[in-house]
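In the two assemblies presented below, chain A is common to both, partnered first by chain B and then by chain C.
Up next, the complex of A and B:
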């Protein structure tokens, strides 16, 4: 039957070509549909959010409900800003990075140096599984560990710990992949000169792969920057700027969640999201640029 | 020689840390979930009741397990035509062109949008739009959550299949062209069969992503703790119920939420391991 069908198909070549064209048109149309959300979302953020963005927005704390109601009633822009969230985000992301980067890079080096060995394979698999763990579960873990036993209450530290567990597997992965791309001869040349092993790593391997490591780190940061769910269970939020790691702290995504739940503050969600999105976009573009320069 | 040994030891000890971290996570989750499993036994998994009233507390995870699987499967099905077309566009039809680079960049950006921003957009743009289309009610529910999830997993589903599709050897494709095949016939008879397992792995990993998404789903699913009976009903997922109910939880309720987190951890772990296994076999 198969061969007869093929023969019959010969007589339908016009139909076949038409079908080919139609499918291509469909694929182009569906691809355009695929990218439409990103354009719709970003334009919505810009259109609704730009009016609120000002210097005050960056350096003032969140207003209370009363101020917001008064402003809305008078048809004015809601006063105040999200400085408490910006500072909290920067604080928690920095601490999370300080925890995750050294461990991640060293683990990545270990995996690269021990290709094919049992322990390395196990560590790699576990790190891959860790990457798939939903962020809310990591938040719950950090609650059980830090909130309940270390800081005895919601704290920035708990938020940082959940973020750092989220970042860790990404850094491990990117470190190993980057080191794999460095020519073996470079390492061998250094070893042949009698350079101690740790200096080969610190002075040859890491500097050579630095842009690759940096890309992984930046992408990791851009991933944790917008995380909300784990922070609800750990950092909780605060209406003033807080720099004490053992106290509840705000973050931009946490503030968006608070504004979303408070009808008086609704106007602030778009500008806060716009700011968050801008930070993430910049990190993404910078890391893309680094990758492009490497090639 | 001595310093070399120290370096190796340090590397080894640090990488043990990840294993300990993961083991500690499992330990804490199991430990926290024990009271719930002790109180309800295995019934916890298949009981559809979630009743937090004091005195006759009764918790079952079935509504959330059903909600999670339903939204994630639906998201996979909805996103398939979009992400598969996009990977063909990027990996086959316009491979290596400027248009493909820009499109690829935009698709990557989808992965950068935070869950909560998707939630806002879903709440203020998608939901009113669905109400206008006549889907009825407040626009909350499994369907709305699945739609937003479908958009969120597009970049994960696209990137792997796009890569695998673009790696299909040219001579195979050329052989088919020389027999007079049209481009579509080359794709259905050569490209897709060759890239099949990679494509499947990509969708499994995307499914794993959908299982754990929290904020956007919480904002759109309606947050009702009953087993959903229809696609347009409200519900809750495992991740969203943790986010929702955590604030006022202690005792048995907290333990039940931890048990749900443990189940979620196990399910996503299995799904991700499956995806990685297929990738490993394939490469």
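Up next, the complex of A and C:
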């Protein structure tokens, strides 16, 4: 009894509180380290890029080097904008989505319906591997398939195809996972009403899991928005707005690369990056909100 | 073997040698019985005895799962249900599940009319309104929800949701309603409401329900059957079975010796 009492009498609480505080401080410090890159990136982009952002920046094409040199020499803001890149990105992303969403959703449904079967397992594994394929390789493939054989030259279509392959695995996975989360009883309830199976899928399962599907699609889009490597090999770039899928087309990340290679255009790098970053952030926040509302 | 057909004249359902197996394990073995029209028939038995399995065989729900096989015959008004399209059968045999499962994306109105909308059956708006009102009145829910028909069904309480699910099954005017422990997820007040409802509904519908609750079977059913390890042990009028069980296993179950 004596020893227990002396043990209890010893006051360790001060030490424990100190330890607690040290651990907490460590956690806060490491959290700050984790979020600091994104804060530093965004603040750098805002500081360096905001001066260029104006209506002109959104609706005018990229200036040529001569205009840029003149403006820089006179200490003015570089005229023109990146409308050709914005339009090109929207065009290629839309076409990529139009290609990838139906295929991805249908494949996801197939995987959900055939759990544990050989073909489904194989498809799932292949789709996972596809997700790991470097984007430059997808660009090369699209170059071989589309640039060399379909459009006979660099084209927006080739860019879209490489982007859609990149989106595909994300959509497949999110469709399957979303459907798996829907309770089986809901499916049975619809079947018990004598509803044919395809209508159960289309009218009950998909609407119920719609927010999940949408989230997967938005995250897929936000991933391809910033892709540059495959576009260098496929869409190439264009200094004017192009809506022809068979012609070379610009994109925001392509322009950033071009600006980087032209010492007179350096200022435009920051504003273009800021715009691209903002688009991706908005998509991410929207999809996070959708997930939050679903819970 | 006891007389399991229980001398029912003009039965709506005649079950003959019905067996259901999960992989190769039989959960329901050679069940033969007739079910009376416009009556409540209760399926009783301890957990895992095959009650739900048997009920789900009646609207061919097992066909969803590849590892389940069903053998035997079930005649609905003298037509073998395994010979008719599953879709047609299920429209004649509504089903209510253990847990309320209204469609979460649909309003109360759309939930009730879901059978028509999802099947693409075109009905005039006025007729739809009528069906919704009648079905909700049948389940005594109309008064409670008539001002919020366009709200989502998932906002209702558990008991209300279950009545909504019964209304959804009634909207098609099925001949038989199958209920799989419809009150096991509900509180006593909601349970009492559903029980009253079922007694009222048997005037127009034939009700087959699985229940875990012997009191419930005694209160509302006209006929009961006792399943044990997948076999039909006893079947007959509920009154006779509760007062004078013929099989010792039924007696033991009813007196609480197992189950």
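In this section, the second predicted complex is superposed on the first by the 265 of 295 C-alpha atoms of A that agree within 3 Å, B and C clash if a C-alpha of one lies under 4 Å from a C-alpha of the other, contacts with A are read in each partner's own complex, and residues count from 1 in each chain.
The rule is simple: a contact is a pair of C-beta atoms (placed from the backbone, for glycine too) under 8 Å apart; a residue touches a chain by one contact, two chains touch by 3 or more.
From a predicted model like this one, the values you see are computed outputs, not experimental measurements.
Student: Looking at the overlay, what does A:196 touch: chain B (first), chain C (second), both, or neither?
Tutor: both
Student: Of chain B and chain C, which one contacts the greater number of residues in chain A?
Tutor: The partner with more contacted residues on chain A is B.
Student: Pick one for A:286: touches chain B only (first), chain C only (second), both, or neither.
Tutor: It touches nothing on chain B or chain C.
Student: Could you tell me if A:188 is touching chain B, chain C, both of them or neither one (first, second, both, neither)?
Tutor: In the superposition, A:188 touches chain C alone.
Student: Between chain B (first) and chain C (second), which does A:58 come into contact with in this model arrangement: first, second, both, or neither?
Tutor: neither
Student: Would you sort A:204 into first (chain B), second (chain C), both or neither based on which partner it touches?
Tutor: second
Student: Could you give the residue numbers on chain A that contact chain B in one complex and chain C in the other?
Tutor: 196
Student: Please name which positions on chain C make contact with chain A in the complex.
Tutor: Spelled out, the residues of chain C in touch with chain A are 59, 61, 64, 86-91, 94-95, 97, 99, 101, 103-105, 114-115, 117-120, 165, 168-169, 172.
Student: If we count contacts the way the header does, which residues on chain B are in touch with chain A in the complex?
Tutor: Touching chain A: residues 3-4, 6-8, 10-12, 14-19, 21-22, 24-25, 28-29, 32, 81-83, 85-86, 88-89, 93, 103, 105-110, 112-121, 123-125, 151, 154, 158, 182-185, 205, 208, 211-215, 219, 239, 242-243, 246-247, 257-258, 261, 264-265, 268-269, 271-273, 276 of chain B.
Student: In the complex formed with chain B, which residues of chain A make contact?
Tutor: 16-17, 19-20, 23-24, 26-28, 30-31, 33-35, 37-41, 44-45, 102-103, 106-107, 109-111, 113, 119-120, 122-123, 125-137, 140-141, 144-145, 165, 168-169, 172, 196-198, 201, 222, 225-229, 232-233, 253, 256-257, 260, 269-270, 273, 276-277, 280-281, 284, 288
Student: What part of chain A is in contact with chain C in the complex they form?
Tutor: 183, 185-196, 199-200, 203-204, 207-208, 210
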